[in-house]
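Two complexes, one shared chain (chain A), two partners (chain B, chain C).
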Partner chain A sequence: MTRILLKQRLDDCIAAWQKAGYRVLGPVKRHDMSSFDEVQKASDMDLDLILTERTIKDHFFPQTEPLIRYKIGRQQIDSETMTPPEIKRVFFGVRPCDASGLAIDDPLFGWDYRDDYWFRRRENSVIVAIACTRADDFCMCTSVKLSPDSTEGADIMLRPLANGNGWQAEALSAGGAALLDTVSPMLQEDSSEAAPVPVVAAKFDVEKVMAWLADKDNFESQFWKEISLRCIGCGSCTFLCPTCHCFDIQDEGDTYSGIRRKNWDSCSFALFTMHTSGHNPRNVQSTRWRQRIMHKFNYYRGKFGVNSCSGCGRCTRQCPVDMGITETLQAISNLPR
Partner chain B sequence: MGIQEQYRSEAAAMLSSGEVKLVIGFGAGSTADRRRPVFARTAEETGKFVLDPACIANLTTYLVSGGLLSDGKKVAIFLKPDSIRSLNILISESQIRPEQVVIFGYAIENGEIMPLSGRSISDFTEIGGRIRSATPPPAVLQEAEQIEAMSPAERFEFWKAQFSKCIKCYACRQACPMCYCKRCIVDVNQPQWINTSSHTLGNFEWNIVRAFHLAGRCAACGACDRACPVNIPLRLINYRMGKEVKEAFNYYAGECSDQQPVLASFSQDDPETFIL
Partner chain C sequence: MIYSPFPMRVVSKREEAPGVNTLKLEFVREEDHEFFKAHYRTGMFGLYGIFGEGESTFCVASPETRKDAIECTFRHSGRVTSTLANTDAGDIVTFRGPYGNRFPIEQFEGRNLLFIAGGIALPPTRSVIWSCLDQREKYRDVTIVYGARTVADLVYKHELEEWKRRDDVRLVLTVDPGGETPDWQDHVGFVPTVLEQAAPSPENTIAVLCGPPIMIKFTLISLQKLGFEQENVYTTLENRMKCGVGKCGRCNVGSVYICKEGPVFTAAEVSGMPEGDL
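Our next item is the complex of A and B:
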C-alpha cells in the first residue's frame, strides 16, 4: 500500500498549500513559451509536457538579480544589500532532470562562499517531482547515469499511476514530508500500480567520454574544431541548461547611484573571456565549446564529484543549428582508441 | 540524377579542382525532420550533403563569420531565394565580394526541391522581381494585422509579455547574416552603452536596438525567429520594419546586389517626411 494523490484532489492540495503560506508554481504555457510559473488551480498547469522550454533554475538563479543598491554622495557612499524575499514555494510537476539540476548546482553555490541568494530560495522551496512516462528524441538522462524517475534534488516524488488517475506520493526529505502532511486528508492509501518508466536508451558512454576528456593530449585535438564548426556562438544552450551557472557582475546606473546586479553569462560568448587588454584566451568558438564540455564532464566532476549535466537534452532540442552535448559526447564515445 | 546528387557531384568536382576551398550545405540532423549545416572541404565529404524541403536554414551567416572569406578564396554554398536575398544585401554592404561565392541555388515549391540555374550571384537577377511581387506568408500577415489592430496600450502589453521572455542569449543575432558587426553594440563595454541585464527594460532595449539596425536590411528569411529559444515572434518586427521601409522609400532590401543601402546612402530625392 502506498499513499496516492488523485488528480481530482489536486485543486484541494493547491488551496491547502496556499493556505499554509506557499506560493505554488507548476509547468505552464504562457505567451508561446513553457516554463514554471505561479498557478492557482490544477487546470492552469500542463502536466503532460515532456519538459518545459525553460528550467526551474530560473527561479533560484534568475537571469538578472539585484545585489546592492548604492548611492555615492559628497561625503559618503551608502549601500544597501538587496536580498530576495523569504517566500515559501512549492514547485509542482518538476521533471527529474530539472530537480537533479538543482542538486548538481548546490555544492557550487555553497563552495568557497555561501550564495545566500541561491540557498535562501532553495531552503524555502519544496520540489515535487513527477516521474516521466514519456521521453523524446533528445532526452538523455540515462546517458548521464540518471533516469526518468531519479529522485536527486526532489523533496517529494510522484509516480504516475498506470490508470492515469493520479500519482503514488513518496516524501524524500523532511520538507517533503511536512508538505505531504499539510494535504494528508487529500491522500489515500491504495495499491494502484505505477505506470512504467519510459525506456531512454543510452546515447553515449559517459565513462569513456570522461576518460578521453581527462587525457591532456586531447585538449588540443582537431576534434574540437570539427565538432564545433557550425556553432554560431549564441548562448541558448547555456541559458536553457538546468545546471549552467556562470554569471557576470554589472553596475547599472549613473555616476552617483545605481544597482549592482548578477546577470547570467555564457561561455559561448566571445566576450566571456575577453581581457581588458583585448587578449582573448578563448579566441575561437571551438575553444568555447570545448570549455563547455570540459567544465561539465571534467572540471566540475573534479571539484564536486558529479557531472554538471542532468541529461534534459535542451541544449540539442533548442539549438538553432542542431548541435548539443549529445552529439559531441556520442562522437567522443565513438572515437577509435 | 536528382538535384541532390547533381549538386553533390558538382561540389566534389569543385573541391577536387581547387576551384573552391569549402562547400557549405546541409546534412542529416539529430532527428528525421532536422537538417544541420555541413561543411565539406574534400570531395569525399560532399557525400554528406542532403537537399530536401527540410533545408530551410539561411547559411549565409557563415560567410560573414570567422573571417571565412578574408583569404580571397572561393566558397560554394547552398542557398534558397531568401538566402540569395541575404547575399545580395551583404554584397551591397561591401561585406562579400561576389566573385568569392559560388551558389547552389534551390527553391522549395509545394514540398518539392526545384533547382535554380546559375552559379554566380549575377545569374540570379530575377530574384528582385520575385521579392517585389511576393506577399508575406498569410500566417505572418494575419498575426501582424492582429497586432496593428490593437490600441497602443494593448500593443505595448503584448510586446512587454513577449520581450519579458527574452534571455539575451543573442541567438537571433548570431543566426542573422546581417548581424555581422565584429563587436555588437551590446558587447561594447568600455563604456557599457547598453545594460547587459535581461530584465524587461533591458530586453526592450536589446530588441529595439536590433530592430532598428535591421530596418531596410532584413531579407525576411526567418532565421532569428526560428533561432529564438523562447519563441518571441521576431517575424512580426521584421515584417513591420520591412513594410515601413517599403512605404517610405519604395525599397526592397536585397532585390539586387548593387543597390544602395537605403538607410546608409543619401540622395537629394529622399523623402524627408520623417523630419518633424
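Our next item is the complex of A and C:
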C-alpha cells in the first residue's frame, strides 16, 4: 500500500498549502515560453508538458538578482545589502532532470563562500517532482546516468498511476514529509500501480566521453574547431540550462542611485573572459565551446564529484542552429579509440 | 552577505607613471579592518569598486607586515579604474576581499630571494618584497630585477630609490630598448636578457616572477637556463573575475580557478595547465 494523491484532490492540496503559508508554483504556458509560475488551482498548470521550456533554476538563481542598493549623495554614499524575500514555496510538477539540476548546483554555491541568495531560496522551497511518463527525442537523462524517475534534488516524488487518476506520493526529505503532512486528509492508501517510466535510450557513452576529455592531448584537438563551427555564440543553451550558473556583477542606475546586480552571463560570449589589456584566453568560439563541455563533464566533476548536466536536453532542443551538447558528446563517444 | 563590499576611505593618491595611480585606502568600519588583519597574507587580491561604476580585480600592493591600510596600484583603462583614479582623499570607495591564496613566505626563510617584475606587475611583487624586507633577518640575499617599457613607466620610483640605496638589496633596473632617457644610468634591454646577464645563482634561491604573459613566458625560459627548478619559481596568474569566490565561472585555466586556487602558483603548477586556456 502506498499513499496516493488523486488529481481531483489537487485543488484542495493547493488551497491547504496556500493556507499553510506556501506560494505554489507549477508548469504553466502563460507566457511566450512555458515556465514555472505561481498557480491558484490545478487547472492553471499544464502537467502534461514533457518539460517546461524554461527551467526552475530561474526561481533560485534569477536572471537578474539585486545585491546592493546604493545612493550617492553630496557628502556620502549609502549602501544597503538586499536579500531575497523569505517566501515559502512549493514547486509542483518539477521534472526529475530539473530537480537534479538544483542538487548539482548546491555544492557550487556552497563551497567555501556560501551564496545565501541561492540557499535562502533553496531552504524555503519544497520540490515536488513528478516522474516522467513520456520523453522526446532530445531527452538524455539516461545518458548522464540519471533516469525519468531520478529522485536527486526532490523533496517529494510523485509517480503517475497507470490509470491516470493521480500519483503515488513518497516523501524524500523532512521538508517533503512536512509538506505531505499538511495534506494528509487529501491522501489515501491504495495499491494502484504506477505507470511505467518511458524508455530513454542512451545517446552516448558518458564514460567514454569523460575519458576522452580527461586526455590532455585532446584539449588542442581539431575536433573542437570542427564541432563548434555552427555555434553563433548566442548563449541560449546556457540560459536554458538547469545547471549553468555563470554570472556577471553590474551596477545599474543613474548618477545618484542604483542597484548592484548579479546577472546571468555565459561562457559563449567573447567578453566573458576578455582582459583589460585586450588579451582573451578564450578568444574564438571553439575555445568557448570547449570550455562549456570541459566545465560540465570534466572540471565540475573534479571539484564536486558530479557532471554539471542533468540530461534535460534543452540546450539541443532550443538551439537556434540545431547544435547543442548532445551532438558534441555523441561525436566524442563515436570517435575511434 | 557574500558580494557585499567594505566601504573604504581614500587616504592618499599618488601618480606612479602616466596613467598609473596608487590609492591608499583605510577601513571605515573597525570590524572590517579586524577581518582584513586576520585574513590578509601577501599575494591575495581584492575587488575594488565604486558604486555606480562596478568592481575591478587587482592585487593588494601593500605587504602583510603593514595592515593599517590597503594600497592598490592600477592603470586607468576602463570605467571603474578611471573613476577610481579620479577620487580624492576622503572619498569613499569599496573593497571586497582578501581573496585567493598567497606566497608561502615562511617557506622562503633562510633562502636567497630573487624578485623579477615587469611594468605594472611590480605592485604584486612589491607586496612580497616588503613582506620579506620588513623581516629582513629571516632571508639571505635579496635581488630585485625590474623592467618597464620606458623610464616613465617604472612604478614606485621612490621605493626603487630606497632599494637602490640599501646595501642589503641588489636592484637591477632596466628599460626596453628605446625607452631610456639621456640620463638613464641603468640597463637597457628586455627583462629576460638582463636577468641572464645579472645571472643570480639558483643555489638555495626562490624566484618570484610577475609580469605580462609574454614576459613570464620568456623569463621562465631564462630562469631554466640559469638552473632554477620549476618548484622554486613562483608566479601569479590573472584573469577576468566578477565574484572572486569561485562561482561566476570565468577565471579558470583548465580546471584551476585562479580566484580560489590562485593567483599564486609555482612554475611547475603553471606548466601543468593547458596553454591554450592561458
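Just so it is clear, the second predicted complex is superposed on the first by the 333 of 337 C-alpha atoms of A that agree within 3 Å, B and C clash if a C-alpha of one lies under 4 Å from a C-alpha of the other, contacts with A are read in each partner's own complex, and residues count from 1 in each chain.
Following the convention adopted for this analysis, contacts are C-beta pairs under 8 Å (C-beta built on N, C-alpha and C of every residue); 3 or more make two chains touch, one makes a residue touch a chain.
The structure displayed is predicted, hence computed values, not measured ones.
In the model built by aligning both structures on chain A, chain B fits alongside chain C without clashing. Residue contacts after overlaying the shared chain place A:Thr287 against chain C, while chain B stays out of touching range.
Once the two complexes are overlaid on the shared chain, A:Asp248 sits against chain B and chain C alike.
When both complexes are overlaid on chain A, the residue A:Asp137 reaches chain B alone and has no touch with chain C.
When the two structures are aligned on the shared chain, A:Ile72 is found in touch with chain C, with no touch to chain B.
Once the two complexes are laid over each other on the shared chain, residue contacts for A:Asp116 go to chain C alone; chain B is not touched.
Ranking chain B and chain C by residues of chain A touched puts C first.
Looking at the shared chain after the overlay, A:His31 reaches chain B, while chain C stays out of its contact range.
The superposed three-chain arrangement places the nearest Cα atoms of chain B and chain C 5 Å from each other.
In the superposition on chain A, the residues of chain A contacted by chain B and by chain C overlap at 248, 250. Residues 1-4, 7, 51-56, 75, 77-78, 81, 92, 212-213, 238-240, 242-243, 245-255, 260, 274, 276-278 of chain C are the ones that touch chain A when the two sit in their complex. In the complex of the two chains, the chain A residues touching chain B come out as 30-33, 53-54, 63-64, 137-138, 229-230, 232-236, 238-240, 248, 250, 252, 261, 263-264, 266, 269-271, 284-285, 316, 318, 320-324, 326-327.
Those residues of chain B whose C-beta lies close enough to touch chain A in the complex are 29-31, 34-39, 57, 61-62, 65-66, 161-162, 164-165, 167-171, 173-175, 187, 189, 192, 195-199, 202, 223, 226-227, 229-231, 233. Of all residues in chain A, those touching chain C in their complex are 67-68, 70, 72, 76-77, 79, 81, 83, 108-109, 111-117, 216, 219-220, 245-251, 253, 255, 258, 260, 262, 265, 267, 272-277, 279, 281-282, 287, 291, 294-295, 298-299, 302-303.
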